[in-house]
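Two complexes follow with chain A in common, the first pairing it with chain B and the second with chain C.
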Partner chain A sequence: MKDDLFFNLDHGYAEGLCRGFKSGILKASDYHNLVQCETLEDLRLHLQSTDYGNFLANEASPLTVNVIDDRLREKLVQEFQHLRNVSYQPLSTFLDYITYAYMIDNIVLLITGTLHQRAIGDLLPRCHPLGSFEQLGAITVADTPAQLYTAVLVDTPLAPYFIDCISEHDLDELNVEIIRSTLYKAYLEDFYNFCKTLGGITAEVMCEILAFEADRRAFMITINSFDTGLTQDERAKLYPTCGHLNPDGLQELRRTDSYDGVRDVAARYPQYKVLFEGSGTNTGDKTIEDKFFEYEVKLNMNAFLRQFHFGIFYAYLKLKEQENRNIIWIAECIAQKHRTRIDNYIPIF
Partner chain B sequence: MSDKDRYNVFPSRMAQSIMKGRLKGAQTGHNLLKKKADALTMRFRSILKKIIDTKLLMGDVMKTAAFSLAEAKFSMSGDFTQVVIQSVSKAQIKIRTKRDNVAGVILPSFESFNDGGDTFELTGLGRGGMQLQKLKRNYGEAIKILIELATLQTSFVILDDVIKITNRRVNAIEHVIIPKISRTINYIVSELDEMEREEFYRLKKVQEKKKQARALQEKNRAKLLESGVLTGNEEDAPNILDEEHDEDILF
Partner chain C sequence: MTTIFRSEQMTSCQLYLQPDAAYSCIAELGELGIVQFRDLNPNVNSFQRKFVNEVRRCEEMERKLRFLESEIKKDELTLYDPDENPDAPKPREMIDLEAIIDKLDHELKEINTNADALLRNFNELTELKHNLSMTQTFFQDAQQVRIGLSENAHEQNVDIDDQYSSTMATGMKLGFVSGVISRERIIGFERMLWRVCRGNVFLKQADIPDLIEDPLTGEKVHKTVFVVFFQGEQLKNRVQKICEGFRANIYPCPENANERRELAMGVMTRLEDLNIVLRQTHDHRQRVLLETSKTIRTWIIKVRKIKAIYHTMNMFNNDIARKCFIAECWTPNSQIDTLQLALRKGSESSGSGSISSVVNRIETNQQPPTHNKLNKFTQGFQNLVDAYGVATYREINPMPFVLITFPFLFAVMFGDAGHGLIVSIFALWMVIKENTLKKKWRTQEVWTIFFGGRYIILLMGLFSIYTGLIYNDVFSKSLNLFGSSWRVKFDDKTLLKSDSVFLEPNPTIYNHTTPDQYRQMYSGNPYLLGIDPVWQLSDNKITFTNSAKMKFAIIIGIIQMCFGVILSLWNHLHFKHYHGIFAEFLPQLIFLVCIFIYLIILIFYKWSTYQGKDATDAPSLLIHLINMMLLSYPDSPPSSTKIYNGQRGVQTALLLIAVICIPWMLLAKPIYTIIKRRKRNNHLTVTNPLASNDIEMKNHNADEEIDMSEVWVEQGIHTIEYFLGCISHTASYLRLWALSLAHAQLSEVLWSMIFHIGLSMNGYIGGIASFMVFMPWSSLTIFILLLMEGLSAFLHALRLHWVEFQSKFYKGEGYPFVPFSFKLILEETPPDS
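Take a look at the complex of A and B:
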């Protein structure tokens, strides 16, 4: 009850804005048009008639896929930052939580760069703009990852993730991917707990989405680590615990050594069983990753069916990102004249 | 014949035999060089064919590789290319050069080997790992084909050069050296003939002169005989050196 009555006081404008943005997401007919394009110029023309408008108007021809990628990301960042600027607490904290994921990526990039003695000035433009934080500019002082941690990262909102799992010593030694996965696990669990404390419809919607994200990560880490040197115990440390698989599923996953083993574990959970059944590792089938993407899109779309909760902001961001990926995929297929798999984008509507 | 079309030698029999030796040497050299040029041309053609095939294959492989890059970007969250670029430390695939000998021409050939482990084993652990493995495989193949192409192309360029040089030499021998030597030999032969003719003529002239002188002497002698100054019994002046047995004078 409380949700419905008082939600619009603080967050009505933001929600309205978000729903407006959501209605501008490309429909199936738009994708159909885009797939028919022969060149990137045609693509630009078709995008002009959608909500994207003239975002590519100032680009000189010949248009390249990288340019389209940059402009799409810029537009998304602008919309998100506008939402962030008009939001009140606790929506603003929620939106900040969403940006932590990008911060993790940026920090991993910076750590990699310092590890290989690259100039920080080169790395800063390559960071994702949604993941920037104030101390980003101050990173030039650090030379090694340990220095980076003590000087800069301790003051960021990500500090608790570092403290829980990684020591300074580890920063220098561990593979960056393991650092990234560990940070992401801590972040997911933190976000999950935050949503739970928010309660109400937000908790219902977001926890569903985050639980799926956690399980999906567990599955993907397992599958992707089969041929690498990652041991089962190391791998188990990377599984986020806020999903449906916790705790028995994770135990099982830890012990599996093959794709079929993973499939068996998934068979015990009905929603994942369906996903694994529809996919395969042959070249003609959809891969399990594609199925995961589709399921994620479905969950995000369902978030919009309910009102008065924060889940729509998260869902909007993820859907917009997926749409960007779709557009880039179609653009690349057109640019490389490789149209056989052009229909492999994930349809949203 | 003007002087610049032949060698400047003094025409003698020895010069002739020397020139004949040189002609033989030039002809042998010409044959050998022609064989070398033929062998190189054969190898050249086969390399050309291989280059065409490899380039076509490379086009396809690069296309597949670029497409798999697009696929990987689609399924990976975020811009993994930046992290990969930043964490490059040393080359994973290195090349060793070996030498190949074709008709005396040294051609380099490149062979690749994997130095060190795969530093990007864990990239894409959370998302898109399978696409990334495919991407790595495709680009690995592309590199192998590029290395092959590099070998073929350096051989092509080197062979082209050497074939041009060899053909130039073959033509030079065939159209310049050998005719020059032949002309020299002809000149020597003609000079020798002329010298022989001169000798002959000189000989004949001397003989004639001697005959004339003797005829004159005979004529004079006959005249003197007639006039009675000389009898026919005159012998020539006795030769002291003759060992004639003088009779002993007995008193």
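Take a look at the complex of A and C:
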């Protein structure tokens, strides 16, 4: 109650901005028009009539999907950073927390890139600008996780998450994935606890979203680890423990070794049961990943139904990312003349 | 019939255009700006329309032009505005234009890439130069330490501490890397080096004093030269990686002093060469841009016109069978001849004059747009009216009345001749300098608001001077222009005895005064204009002015509301809603007359019959009005006893008539609708045999069936709103008095609290003090009294017009006429922005 009273004092402007940005998210009718486009030029013409305005107007023809992708990301980053700049504590910490996920992705991207002998100069532009930090470029110095920690990460907010990974010996492909998962697990749990301490509606909304995120990771780690030689215990270490699956579901997941087993575990949780039932591996069916995305969109949409909380900032970023993925998907389908699957985007409204 | 009181009569036209001639016809119409096209393909996507390719080509040209313009601006060249309005080019000229623009775009891009490459080279060399000169000092420092040691020692073994000697002892070679890094990264860089190499490196750094351009981004940044000394290959790798990660530019630096000197010399000569080449490229670029800057504005206008034309043509219906475009548009009746002429001209200029385009008037049940003929004087006032809602087609436009009443009501609230004078002078300046000011500060929103309303402000100022004279208020002081009608004729003894004395017009009447003490002090003729300045000195000034201003407010308000109701009669007559006159106009007017006009009559009666001598017996009109409603006529006190004979009868009759008006207005219109419907039903049964008609009629009836309950509800709301509104609106007009009181009091406070301080001191100090307090007084006058009070009076005047006045007759359900006009399109996005 007290928080509601004083919320607008510090965060009212940012919330208003965010809700304003949210109203620019493409509607079903926009998607309907987008999928009818014959060329990328049509796409540009149509996007002009939406909230994107003429963000592509200064690009020379012919347009490529990469350019669209860059511009979309640029716009999103600009909006987010504007929100970050006008935010007060604790909202600014909250927004920083959101960027940590991008930092993890960037670190992993760079390490995998260097494993494949790519030049750092080529890799840096591909990093997500939201997750960039000063020492990012020097990541290639590190050969072992310990070095990575002491040289690069110790000054970054990710340092506490990394402590569990130091024991790993080499930076090979599998280890990198394990590092990513461990980092992510620590990050999610930390973020979850942070939202808990914020309390109020923020905690209610964000914990729901983050719990789903944790469960999704647990499911995906299990499904992807079947033929990789990852032992059950190793796998269990990577499960984020802040989800609805904890603790029983995670124990079950640890023991399963087939897709059907995972499905059985999910069947005990009504919200996930529906998702697994709706998905399939046949062509034309929706994959479980798409189902997860749809559920995520739904959760994020729900965040906007309540007021005076920070969840909308997270939700907005995620929705906008989904929208960008949709536009890119449609653009790719148009560019590659592969129109049969053009409808496989995930509608937001 | 054209009249300033209504919007223009509009016609819906269908244009049949030959495909060849369509373009030039539309171009002609765009120059004229007299037609508003209707979109005939609202369901077609923007990228599926016929001329989407042309529009796209225009956008491509616009993009290139924008690029050229930004390049011109980057070089700070002036852009020349075209002297005359260039015509929209022909479609075939468009290709030439495209080619020219494309060529320029290409050329400039090429120059830019060349220049960029050169510049990068140049910047790198500059960095290298700095690097060399800075490291030189590091090495020289080291040299001094090393004095006495043999020549073949490695010059880079430059450390100052024991590390140096140990290195020498083991004969190991120290490697080094030198480069340039941006200054804000140096701290992180140093820390990272320390961590990764576990402190086994030595970093020397020196700031480059001036800003230098970064070779990659071309931005001017602060940079720092650094040298890292280390031992062994492995460390070298790491250091290099870190440098890469921190985006430091590494430059080779020879170990030998002589080599360094040679390299530095080489760099200097190369820099000079590059400088020459760069200057040449720059000159070339300047020439190209200068050439472009002369014509670019013309091109921009041309391209925008082409785009607008194709955009309009996208709204047309393409009749394939008859090989023509069909356009539908609205145009004012008076302009149809011009329209036809323009089409003929367009067909001729396109060369296919054999079959000219056809204009066909069509009947439509769509509501036409509202188009008022305006000039720069009336524009501002029309905007005030339109902000509430654009007039329904052919409805009475309140603008001509608002033109006078708005400044007047404003002035009643703002009444101060001094303030009014300042406002008028400011507005007059804007009006006189109109042409030069129009182009200035276009992007300043606040200024454009003031400038757009310059004529409103001018009238407001002039009217304020008038009301200020009536109130006799000039900066809260009174002017004794015509000589006060009052004289103080007391002797000094009386004046010294008491704080205040009574001035009485006719002292002999009163018992408590004696004629020798109170001589005749009133000249017998009232002051010529407004309030007598003697009131300025009196204690009961506010009581007096309040009473007067309150009555002014009521009189003005009720007259304005009556006028509004009478305007509704005009609307009823024009739209031939004769039933509206009997069902709405009459009860409304009668109600207003019976109660409120009667009140005004009483006010005038009171003013004219009661003199100073019977001031205590004067009736209190407020009590009288309340008593009239309650039908009570008490015998005491004297202020509420009857004013004239037969008052009771007259008032009861008036009240009765007024009350009757309420059910009259509530019932008359719905009953009329019912009767009309019944009549038509009877009629319908007679004409039943015509089957087709029957269906039509039934459809019609179905609509009415739904309408009936709505009619009741609507009329109920309307009735309640009007009758309650009459009372609350009358009270609402009291804001005229309230704001005027507030304004007068505020300016008086400002005078007595601030300016008075200076004026009340004696001698030289008083002069200085007056000088000192003038500044705060004048600035507060401007900011609080003129700006804030002015804004508040403006808003209240606006409210009185929108709510109290316009609600009596104005529907405001129309939509504005937006003609297809190049002028509007070009103004919309001025080339400066």
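The criterion applied here is as follows: the second predicted complex is superposed on the first by the 312 of 349 C-alpha atoms of A that agree within 3 Å, B and C clash if a C-alpha of one lies under 4 Å from a C-alpha of the other, contacts with A are read in each partner's own complex, and residues count from 1 in each chain.
In this text, contacts are C-beta pairs under 8 Å (C-beta built on N, C-alpha and C of every residue); 3 or more make two chains touch, one makes a residue touch a chain.
The model shown is predicted, which means the values in this text are computed figures rather than measured ones.
Quick one: is A:H46 in contact with chain B, with chain C, with both, or with neither? Answer first, second, both or neither.
Touch status of A:H46: second partner only.
Determine, under the contact definition given at the top, whether A:K298 touches first (chain B), second (chain C), both, or neither.
Neither chain B nor chain C is touched by A:K298.
Just to be sure I read the superposition right, which of the two partners does A:I120 touch: chain B = first, chain C = second, or both, or neither?
A:I120: touches chain C, not chain B.
Quick check on the superposed pair: does A:R19 touch chain B, chain C, both, or neither? Answer first, second, both or neither.
neither
Per the contact definition in the header, classify A:R255: touching chain B only (first), chain C only (second), both, or neither.
Neither partner.
After lining up the shared chain so the two structures overlap, which partner does A:V108 touch, if you call chain B first and chain C second: first, second, both or neither?
It touches chain B, and chain C stays clear.
For A:W329, select first, second, both or neither according to whether it touches chain B, chain C, the two together, or no partner.
First partner only.
More residues of chain A are touched by which partner: chain B or chain C?
Answer, by number of touched residues of chain A: B.
Inside the complex, what are the residues of chain A that reach chain B?
Answer in residue numbers: 102, 105, 108-109, 112-113, 115-116, 118, 123, 126, 128, 175-178, 180-181, 184, 217, 220-221, 223-225, 227-230, 238, 287, 289-290, 293, 321, 325, 328-329, 332-333, 336, 338, 341, 344.
What residues of chain B sit close enough to touch chain A in their complex?
63, 66-67, 70-71, 73-75, 77-79, 82-83, 86-89, 121-131, 133
Which bits of chain A are touching chain C when the two form their complex?
33, 36-38, 41-42, 45-46, 49, 57-61, 120-121, 134-141, 147, 150-152, 154-155
For chain C, which residues count as touching chain A in their complex?
45-48, 52, 56, 59-60, 62-63, 66-67, 185, 188, 191-192, 195-196, 238, 241-242, 244-247
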